[in-house]
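Look at the two complexes coming up: chain A is in both, with chain B in one and chain C in the other.
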Partner chain A sequence: MKKKVIIITISICLILSTFFLLQSLLMPKYVSEVPEGSLIAEYYNEDVYDHNVVFVGDCEVYENFSPITLWEEYGIKSYIRGSAQQLIWQSYYLMEETIQYEKPDVIVFNVLSMKYDVPQNEAYNRLNIDGMKWSSSKWNAIQASMTEEESVIDYIFPLLRYHQRWSELTSEDFEYMFGGKPQLSHNGFLMRVDELGVDTIPEAQPLADYQFSDNCYEYLDKMVKLCQDNDIKLVLIKAPSLYPAWYDEWDEQMVQYAKENHVDYINFLNYIDEIGLDFQHDTYDAGLHLNLSGAEKLSRYFGNYLVEKYDIEDSRKDSDSASRWAKKVKFYDDMKEDQYRELEEYGYLKSYGAKEK
Partner chain B sequence: MYFTSYQFALFLLILFIAYYLVKKKYQWILLLAGSYIFYAFAGIEYLFYFATTTISTYLISQKIKKVKAKQKEYLKANKAELSRAEKKEYKKVMKSKQWHYLLACLLFNFGILGIVKYTDFMIGNINGILSLFNGEPLSFMNFALPMGISFYTFQSMGYIIDVYRGTCEVEDNILKLGLFISFFPQVIQGPISRFKDLSQTLYQEHDFDLKNISFGLQRVLWGFFKKLVIADRILVAVNTLIGDPATYDGIFVLVGMIYYAIELYADFTGGIDITIGVAQMFGVHLTENFDRPYFSKDIAEYWRRWHITMGTWFKDYIFYPLSVNPRMLKFSNWSRKTFPNGIGKRIPVYVSSFIVWFATGIWHGASWNFIVWGLLNAVVICLSEEFKPFYTWFHSHFHVEGKTYYKIFQIGRTFLLMSSLRILDCYRNVPLSFAMFGSMFTKWNLPELWNGALLNLGLSMLDYIIIIVGVLLMLTVSLIQRKGSVREKIYQKPVAVKFLVYYVLIFAIVLFGAYSIGYDASQFIYNQF
Partner chain C sequence: MKKVFIAVMAALMLVGCGSSSSDETSQTTQEEFVFEANGTTVKMNEETSSILEGLGKEIEYYEAKSCAFDGMDKTYTYAGFQLITYPDGDKDRVNSVVLKDDTVSTKEGVCIGDTKAKVEEAYGTDYTEKNGAYTYTKGKSTLEFIFDGDAVSSITYTAITK
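Moving on, here comes the complex of A and B:
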């Protein structure tokens, strides 16, 4: 009997080991393709969690704000916990998780996701949630985000979701099977130096109902409470992306909400000239997202606001911070240089997820 | 809760642990509770149907038992006083009483089945007739079909008929009878068990027998392999082919027939493997439902090896009673006198066959497709009977009987014949099914087989490789089974080999299974009956 127990135990261990090896191999690595998928997990690579400002939200934060500019110009230590089509409940749970690691002075939330009332898309859920470390926040984010076709077991054992990737494995899957993925973002900022000026802006279609849902307001209330309880200032923003449309009716609701809840709300679409944005040169996809130039301009503008309004200390004088951020700045400058080189050599950002023109 | 759902895996794990932890005398109670919980996942309201069938079957079985006991007591008490004729008359009266109870039970339960399953089919037909006279169409009832109703109704009615016949013991404990009717692994797609076969193994106390459990687990894994790796992968192509008959005619119909034959076999036998394997993990041994049917050399043999428990149910409870029914015997006598040369003897058998196959067809589904499919089976069986003199002549002139190549020809012929009949299972109505079958002979688009069109059916070359390897594996297992149990053979092997079997099966399912988002592995085909 004892022998049987040993054999069964060894067999189970072997099967489990293979299972987890295969899981490591088959999970998407999000390096040369869909780099947005790496953003959430990169937060855990930080050496020190002492950010003054943390952003949460969708692509309108991770493409439009540059933490390196905020550092270089104002000495603000910031991090962007952004991900593609991040829904409001995902932002909330990321906010909740972030507070377990650090207590920033300010949390900035981009309100575009107020328009989504219900879970949207499994692929985006994966980009948002897979990278989170296991915690009650991740569990709740999964529960809140799952579409009807999804199952929680697929999040617990991602192999069950990605098992069919065996037919599309690349050398990257083997190379980064046990980790060691390169850093892709700059404190959550995904850099793009290329340009594609605005030609036409898609016309905003009238909606049957402009009222944001109760569900979204509930999560917004939770954000306000979470920040109040932790003595953190919450700033609501609408980034200056020209589309998808941000309706006046939506804007009015946000203005009203901010007023009632004593939080700041800035619609950057109203300050495009003050920021100095030129949508012929400051966007890489015709107004949907800013490029590096646009992100740096916006960050300069917003950094000034943060310093003036919230009196965020300048950490450049702190030697520890300065030495850590110097490395980040170098990585930033190197990538900038490399992107310009690629742009010149290939005409597009070949290694940075851009499509050949 | 489908077998392929994660909930089922969790449910099974909890029930399995609890089953071997509770006192053995309570094991069957746990199975009953588990079965009702399993069924409740399909819809709490369906438990009402379930309970109704159980209670009605129980009450009638008790009534029949009382009549039998009363008869026995009376005859014993009046043994000396009663003449032989009086005894016979008394028995006749008592049998009639039992018959009325039985009839009430059958009408009630088959009535429920008929109402929920066939009402809309009847309304559809009535509306068809009404439309000829510009009549106002009737509204459909849209009854929700309780999961596995055809299976548990047949199983419980088989029991009550056996009670009436006196061929099985009457179960006095309604909860035990409830377990027989509801035993969760088999409730949704069979096999349709007999009380005398299942009761003992179901209610007895079971030890934690590692061999039994590992055999059950192997069978479950094999079932999942067939379902997820083969059936649900090829399903994509089957759906493409039958979903667009205008595009996929001619040679594609033949391809669809073969693909569907593979899918149906892997799906249904896979489901039964899971059923029998799960039951075995709880120490319960269910009746086998398949005996390598695609190796059959003629259609009659095929039906003795495919869905065996359904076939024997129809044979035992419809065909035989029908054949010895006084009216049928009268018809038989008339037929023999009217039609000479043996045909008169065969006609009553054919009539019974047609009735049984009509019932078999409509059991499979409320549609003319299934009825025509059933009747065509009867036609083929009767024709092959009529061709017997020709076969005898052929074999006396050509000595091919028993030769390997002739066996292969017979197997291929039966496979194609059965696959042809199954076309009715695929297309949406009878005329379309016949038209598609006809297109195989009228539209010559053979080059589609090698011009890459088969790679546009939703299957890549890698998918085809997986399916081919899977089919070859099924074939190999079937060939080995001819010489005995595969699992017994594996059991004799060293530990490393046994481990390898588990290892390969588990990871073949995990990696190559067509499950999770993008695949619909939720339903087994026979769940719908």
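Moving on, here comes the complex of A and C:
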């Protein structure tokens, strides 16, 4: 009998170990390819959760704002919890989860995702949700995000989703199988120093219906309430990306919503000259996202607004904060230098997800 | 117990042997709405290289990084219409065609400025209506007409990619 119990126990351990090993190997690592997939998880690497400002939203936050500039210019400690095509319910649940870690003075939400009424794409869901630690927020984010073809079991056991990656495995899958991935972002900001100026922007397509959905408004209401309940100021923004289109009809709805709910709404597209953005030089992909130069300009402008409007304290005189952020600044400066070196050497950012021109 | 152990191990092995379902390429096996210009047929979800060759040099071109994936969403502007593509591995496929003015029309002869009656005459009444816009679905494609009063103000062919 005793022998049987030992055999069963060993068998179960073997099965679980095999499952764990396979899952660790086959989960995408998001380092050289699709680094956006690492952003959500990197938040948990922070030593101290004492950010004054936290951003949530899609690529228009993690490509367009530089927390390092906010620190260097204003002593604002900030973090960007952004991810590719982050939908409003994902932003809400990330916001909810963030508040379990810290109570920032201000949470900034980029409103572009108001245009998406329903779950869009399983692959984007994965980029947004897989990196979250397990919590009720993650569970609710999964429930709100799943497309018809998805199953919650695939989120609980990602191996069931990624088992077909056998043929795509690279050396990185083995190298980072048990962690140890390099830090890729600067408090959630993905840096790109290269330039691709705007020649033309496609004319916006007319829409049959410009009204944002009740579903999106419900999540926006929840954001307002969550922030009110936690004494956090909510700031709605539209980043100054020129494409995809941000329709006047959408803008009017956000202006009205902000007025009715006593929150600030800033459409940075209205302040391109004041910010000093030059779309021949301040974007790396013809107006979708800002490059480093553009992100630093926008951060200077927004940082000044945050300090003046919300009286965010300057933490540069706090020795603990200064010490921690000095390391972040060095990492930022080193990456900046390395990106300029690659640009000089190869003509494109070979190691940073850019394609050869 | 031995049988259970073997069954579980077999299941685990199978986990590593399945084929992808979500990453499969979109297929256009059913009949689709098609747009024609310059003697070239543009079918939703079709690979674009021969289509672009047939349409000739575009007036304007714009490409946008497909947010987190390899490849670009591309917009080609021609006289009277835009062709928008999406990446699918190394290829691009037709995502949508937007008619911009009345110099071009649908294959069934409807152009911007025509009446609702003409749309219904050409395509019937089997449409879904939202905010006054008519959307017809055929195979893996939709054809949407937006109206300004009784006149067509926008015509868009769109691929169903899910």
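A few points about this structure:
Following the convention adopted for this analysis, the second predicted complex is superposed on the first by the 357 of 357 C-alpha atoms of A that agree within 3 Å, B and C clash if a C-alpha of one lies under 4 Å from a C-alpha of the other, contacts with A are read in each partner's own complex, and residues count from 1 in each chain.
Note that a residue touches a chain if its C-beta (ideal position, glycine included) is under 8 Å from a C-beta of that chain, and two chains touch if they have at least 3 such contacts.
Note that the structure is a prediction, hence the values are computed from the model and not measured.
In the superposition on chain A, A:E33 contacts chain C only, with no contact to chain B. Put simply, more of the residues of chain A are touched by C, taking chain B and chain C as the two choices. In the superposition on chain A, contact of A:D282 is made with neither chain B nor chain C. In the superposed model, A:L22 lies in contact with both chain B and chain C.
In the superposition on chain A, contact of A:S151 is made with chain B only, not with chain C.
In the superposition on chain A, A:E203 makes contact with chain C only, not with chain B. Residue contacts after overlaying the shared chain place A:E342 against neither chain B nor chain C. Once the two complexes are overlaid on chain A, the chain A residues touched by chain B in the first and by chain C in the second are 4, 7, 11, 15, 18-19, 22, 122, 149, 159-160, 163-164, 166. By the touch rule above, chain A contacts chain B in their complex via residues 4, 7, 11, 14-15, 18-19, 22, 122, 149-151, 153-154, 159-161, 163-164, 166-167.
Note for the complex: chain A touches chain C at residues 4, 7-8, 11, 15, 18-19, 22, 26, 33-34, 36-37, 58-59, 84-85, 122-124, 127, 147, 149, 159-160, 163-164, 166, 199-203, 205-209, 211, 243-244, 285-286, 288-289. Of all residues in chain B, only 6, 210, 460, 462, 495, 499, 502-503, 506-507, 510-513, 515-518 touch chain A in the complex they form. For chain C in complex with chain A, the touching residues are 1, 5, 8-9, 12, 15-20, 22-23, 60-65, 67-70, 75, 77, 82, 84, 98, 100, 130-133, 135, 144, 146, 153-154, 156, 162.
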